[in-house]
Amino acid sequence: MSDAIDTSGAAANGFEPRITAFVCNWCTYTGADLAGTSRLHMASNVRIIRLPCTGRIDPLFIIKAFERGADGVIVSGCHPADCHYTTGNYHARRRFAVFHDIMEFIGVDPRRMTFSWVSASEGAKWRDVVNEAVTNVRALGPFDAYRALAPEDAGVATPAGPAAEVATPAATAKAEAS
Amino acid sequence: MNELRELARTLLTDGTVRVIIGWEAARRGARPVFVTDPADTDKLIFDTRCVHNLVTYLNPRRDNVAELGKIGLVVKGCDAKAVAGLLREAQLTRDDIVLIGVRCGGVLEEAELPEAVALSSENVAPRCYGCDNREPKLVDHLLGEAQPDPPRPIMTIDERVAALDARPLEERWAFWTEQFSKCVRCYACRQVCPLCVCERCVAEKSRPQWIESSAHPRGNMSWNITRALHLAGRCVDCGECERFCPVGIPLSLVNRKLQQIVAERYDYTVSDDPENPAPIGDYRLDDKQEFIK
Amino acid sequence: MSRIGVFVCHCGENIARTVDCAAVAEALKDHPGVAVAEDYKYMCSDPGQALVKKAIEDNNLTGVVIAACSPHMHEKTFRRACDQAGLNKFMCEMANVREHCSWIHEDRGEATDKAIDITRTIVEKVKHNRPLESIHIPVTKRALVIGGGIAGIQAALDIADGGHEVVLIEKEASIGGHMSQLSETFPTLDCSQCILTPRMVEAYQHPNIKLHTWSEVEKVEGYIGNFEVTIRKKARSVDEDLCNGCGDCQAACPAKRIPSEFEAGLGKRTAIYVPFPQAVPNIPVLDRENCTLFKGRRKGLAKDVCGKCKEACLKAAIDFDTEDTFVTEAVGAIVVATGFKLYDIGREQPEGLKGYGEYGYGEVPDVIDGLQFERLASASGPTEGAILRPSDGKEPKTVVFVHCVGSRDPEKGISYCSKICCMYNAKHAMLYKHKVHDGRAIAFYMDIRAAGKGYDEFSRRAIEEDGAEYVRGRVSRIFREGDKVKVWGYDTLSGEQVVIDADMVVLATAMRPQDGIRELAQKLSVSTDEHGFINEAHPKLRPVETNTAGVFVAGACQAPRDIPDAVAMASATGAKVLGLFSADELEREPAVAVVDENTCIGCMRCELVCPYGAIEQREICAVDGHVCGQVAYVNPGVCQGCGTCQAVCLSKSVELQTFTDEQIFSEINALAYWE
Amino acid sequence: MTDVAYYPGCSLHGTSREFDESLRAVAAELGIGLAEIADWSCCGASSGHTTDHLLGVALPARNLALAEAQGFDTVLAPCAACYNRLSAARLAIATEDGLAERIPDVLGRPFANSVEVHNAVELLRDASATIEQKVAVAVAPNPLKGVKLAAYYGCLLVRPFEVCGYDDPEQPTSMDDVIEACGADAVDWDMKVECCGGAFSVSRTASVLRLGRAIIENARSHSAEAIIVACPLCHSNLDLRQKAMARRGEEPLPILFVTEMVGLALGLAPADLGMSRHFVDTAPFMTRLVKQAAERVVAEKLAKEEAAAKAAARAEKQKVSA
């Protein structure tokens, strides 16, 4: 798929999804670098958070991302047998399998959670994973179902308006103070 | 029953153990009892009202129990699985406890009765149906005569899970958000769980505060998912969390779903064999990964 | 409150073309905790770095965020700059707005917004960065080399010449390995013994090399720079100090019919023996399995039935009651060079392999493998170099050489190419033709793989000058008929079936790793591939390292290797080890996990998932000193920083420095700013 | 194992009735129920699949479909060619794109490709434990005890590997296991899986003679007293053409079906095993075997008595000395 489609899709319905990506440093992050050096254009909806290994990724990250207004998440790392730390991704695979299944049971559309293996040499695959995730989540619409869980006072529920702007720095400041 | 009392008496008198933790009859059904005096062993009972999983008292964090000295514990099959869980996670030393296993034919769902009653498909605890460990193996003594299979409840947990699974995503989401929104974050589910033995629960970690502590739907969702995930491949299906939940969240459905997941993906069923490694923390090169692109 | 400096790089036009860098700086200026935000054309240039340093000093910044290229590109550069400006280098992070933004988007607005997000996310992370110090690990400047073949010898010599002590251990009675069994070596046809023996002696006499033969690795503890290795010295029954290698014991030994391992079963040896005349050390071992005296003892006979060797020994060096002894050696690096064994293709096969019963190996005496032919061709061999077939000692007039027996045959369980067979088959054909001028050498091959200096010329010479007949095709069946060995094959070029009445058949059987390699790998916690070869850390860029820091690999235990390869690898490990020993301390990034002993309950789930065995259980004591619990402990020397332990920790009691929960938490939160 | 669907194929109703008879007799002994597939038809070997691939798949598939419909999960196809065709069809349908969808239309009946196909050797190998027990308790002395037999597999029983797959294609051992289970010695020889000329028996007799001779001579040179086969074609080629193959003065080598051998071991009468139908007369062979067996029994008996006597004598001596 090409980003042309995305923009047209964007035009179709005004909604642009926000997607948080948790990727491992050695394969997918480097693969995304390669996509850059190869100038592979892709949708701009994804924000990458770099981690050493998929083994480091805790389901809580994903839950938190949803809480903070992400419409979808991507989790990506080294292919089996390619893990820089030899077995981190195998353990991650089990953790995510269980998480994926239970979330689906609870009623979260699995298309909001993209899991993939993208190696350092698969810039193009990363492009496709990103575009595909964006198209899927765009089709699903905003994750209001999750945001609706937010307590009235917290500002993050609605696509971050000024409320968020004040709420979150305060929060972070508190975190530091404590 | 006499068998149990006899054994308890000898264990206490010959000093093998300092305390026997079992069940006693009380006005409103059975309740846990700590017997330290051989004379009191006649208090001990075991019948269909003995639903409590006493293994929760073995939690090393409960040092007030530890202070009593070496423990003799009465366990049903499901309880024995919990003991195995604690051994698996180095929370116990086998030699520090004496396990008195009782052959179990299932327990009541509503156990708060003055008298024990026979099990029927109306009153049986659904989780007992199809129990694979009605004669605990991981025990020092096994008491009671062989029991018949528990009756089939009107609707088994698997059927309820299946029914829920059959409904569309939105309805499932609606169902669970409604259930979880009832949660008052009393953490009874955690306190009673024989395997929730952390010194400091992740829910109480404040830097960072992964799980919002106030009882609103978002924090509750996060807490309940996390609780469930932490028990993936560990839950022994003793049903205590659901029984204790003051607002009646059907936690057994989530727990059972997790059991089905690990069974289906890693063909793992929790047993009372501590040598049998838990599925999370283990892996196979050919684990299913159909959900990964 | 943090005082963070944000520096947005234009990277010439690379970023600025699609990202409005000034706008990014502007947007971050008022972000809580940001003290200064600037943009500049080339941040990595000297003036760019100077600008960062100056800002650190002027605003005494507590953290720095460089919004530029990928951290894989310039993180080191800017951390160094910060360090020079007196800011702990781990307080500096990069926001990747080039590879992950400007280069992959066209719309300037979108790209700029995203760049702001990315930068803000990293700013939030840096707020929770902590000043860290690199970890320093002392290095024991001694090396252990496992395996005394050519690779092991070379590695030992290189390290020893570099001025460091080497412990070289060999499981056989003598060093030398397979190379000492070879007759001549390709592509030069120089005598193997003649080039190897000097090296063996050099290794033996080298002041820096401590040799343990008849010994094996029992236990390995510790980590890079600090290994403690327990070595089992198998009972030799001969005192290595007293023995002068006169050989009288061998002469006296009545058990003379034991198949010699060195002669690949074609020759015989005694029960007390030196594997071969040039053995190093020239000290015999007593093979208790086959010794008459020990057989008697095993039967439980009251008095010893033999003892002739002991009587013959004038130095009283022989003692029948010695037992295995253990020595521990402290070393800083380990080189694995355990070499290969040949695929025994008989009917009985180990794990997952199938034999070639249809080739009659082990049943038809005149069907032999490559090593056996080496012994036949060797001047020091059982036939003094005359090519005589095992069954009746006649000179074979037709010899068939079969390539790829086992190799490249997934059906039989081995998919890889053994690399050396094409060459040694050509060599065998030549040696045979040089010795039996009127003989026919026929080789069945799949294709000829002679890549290497002078290799193709060599195999062509076998065909063109020495007249070896090469048939492209496989052999389906080999069996005995009268005093002939029938070979049924297929010539894929002519499409004809080929039936040959041979006098002898030489099978180029596949190279496999030595027995016990998996157990050894486990002791060293290095991984092996599905065939049992040791895995290198990276197939291209780290070919002689393993995934365990401080353990290196050389020669045919990593993959089929010929002598030049093995020696090259060995010298490479030498260089690696000397590099490791060049400093008194190892410096490592502090990206390691740390356990919070207040909340850890020692359930050891982390230990289960740690790929490096870096985690162990420890007792902790209360102030009054009594043990009050078990907790996990992460050995910073071994931890590689994957963080898998943290993800499985139920109570979040382990924290991976440089990727802490708080850092990630704030990154996720920062993204809630999106609009 | 209880009932299996039995697919005799044309040969077992024609040229190789002894294979059919002996199989039924042995199965009965081993408590294996054989239910002949109702309305079975030719599997097409070996002309079907050489003319048209779909035909070559559909013909066997029809019979598998029948077995399925008649409620079986296993089909026994003793004839190596039938076995090979049925198995090949299964594999094709399981692996080739769209074939599984297409076949039911072609057959005009539902087909789930759910039945497994076994040959006689497989069947007997799986039953070898039972065979061993029964042989042990048989009243009549086992005529095969210690007799040297060569297991001959030929081509279609074990190859191609992906089709058959129950044994090593180059060094099969399943039939040898059955031989050992019968108390006989399986000789180690070289022509286990060489071709006997198969269907060219008539069209290219010369080649068949050459190939067959090589096989029989090799078996003989490894001191085999008979060759055991599990394929009608192999049997007829080796049995029917042996007169022509045999070099001057050589005793012809009996060719037995694996089922006949098991029958003999189980103490069944040669006549009930159809052994009278062979071209190489099996009578002399059988009389020799029976004679040997009888002698063996007598010898064993004598040995026992002698031993007993010796023991008694020794006991006496000790009494005296005591």
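For clarity, chains are labelled A, B, C and D in written order, and residue numbers in each chain start from 1.
To be clear about the criterion, contacts are C-beta pairs under 8 Å (C-beta built on N, C-alpha and C of every residue); 3 or more make two chains touch, one makes a residue touch a chain.
Remember, predicted model here, so these are calculated numbers, not experimental data.
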item: Length of the shortest touching-chain route, subunit A through to subunit D; value: 2
item: Per-chain Cα centre nearest the global Cα centre, belonging to chain; value: C
item: Remotest chain, subunit B as reference, centres from CA atoms; value: D
item: Centre distance in Å when subunit A and subunit B are each reduced to the mean of their C-alpha atoms; value: 35
item: Intercentroid distance (Cα basis), subunit C paired with subunit A, Å; value: 38
item: Length of the line joining the C-alpha centres of subunit B and subunit C, rounded to whole Å; value: 48
item: Distance from subunit D to subunit C - Cα centre to Cα centre, in angstrom; value: 50
item: Multi-partner residues of subunit B (at least 2 other chains); value: 202, 207-208, 210, 280-282
item: Junction residues of subunit D, two or more chains touched; value: none
item: Junction residues of subunit C, two or more chains touched; value: 609, 648, 662, 665-666
item: Pairwise chain contacts under the document criterion; value: A-B, A-C, B-C, C-D
item: Subunit A-facing residues of subunit C, complex; value: 1-2, 31-33, 70-72, 96, 98-101, 103-107, 110-111, 113-114, 117-118, 121, 124, 127, 527, 547, 591, 609, 611-612, 640-644, 646-648, 656, 659, 662, 664-675
item: Residues of subunit B defined as touching subunit C within the complex; value: 60-61, 89-91, 197-202, 205, 207-208, 210, 230, 277, 280-282
item: Subunit C-touching residues of subunit D, taken from the complex the two chains share; value: 161, 168, 170-171, 188, 190, 194, 218, 221
item: Residue ranges of subunit A in contact with subunit C within the complex; value: 3, 18, 20, 29-30, 32-33, 35-37, 39-42, 44, 47-53, 55-58, 61, 64-65, 68-70, 83-88, 91-92, 95, 127, 156, 159-161, 164-165, 168-169, 171-173, 175-176
item: Contacting residues of subunit C [partner subunit D, same complex]; value: 347, 354-358, 360, 363, 411, 476-477, 479, 481, 486
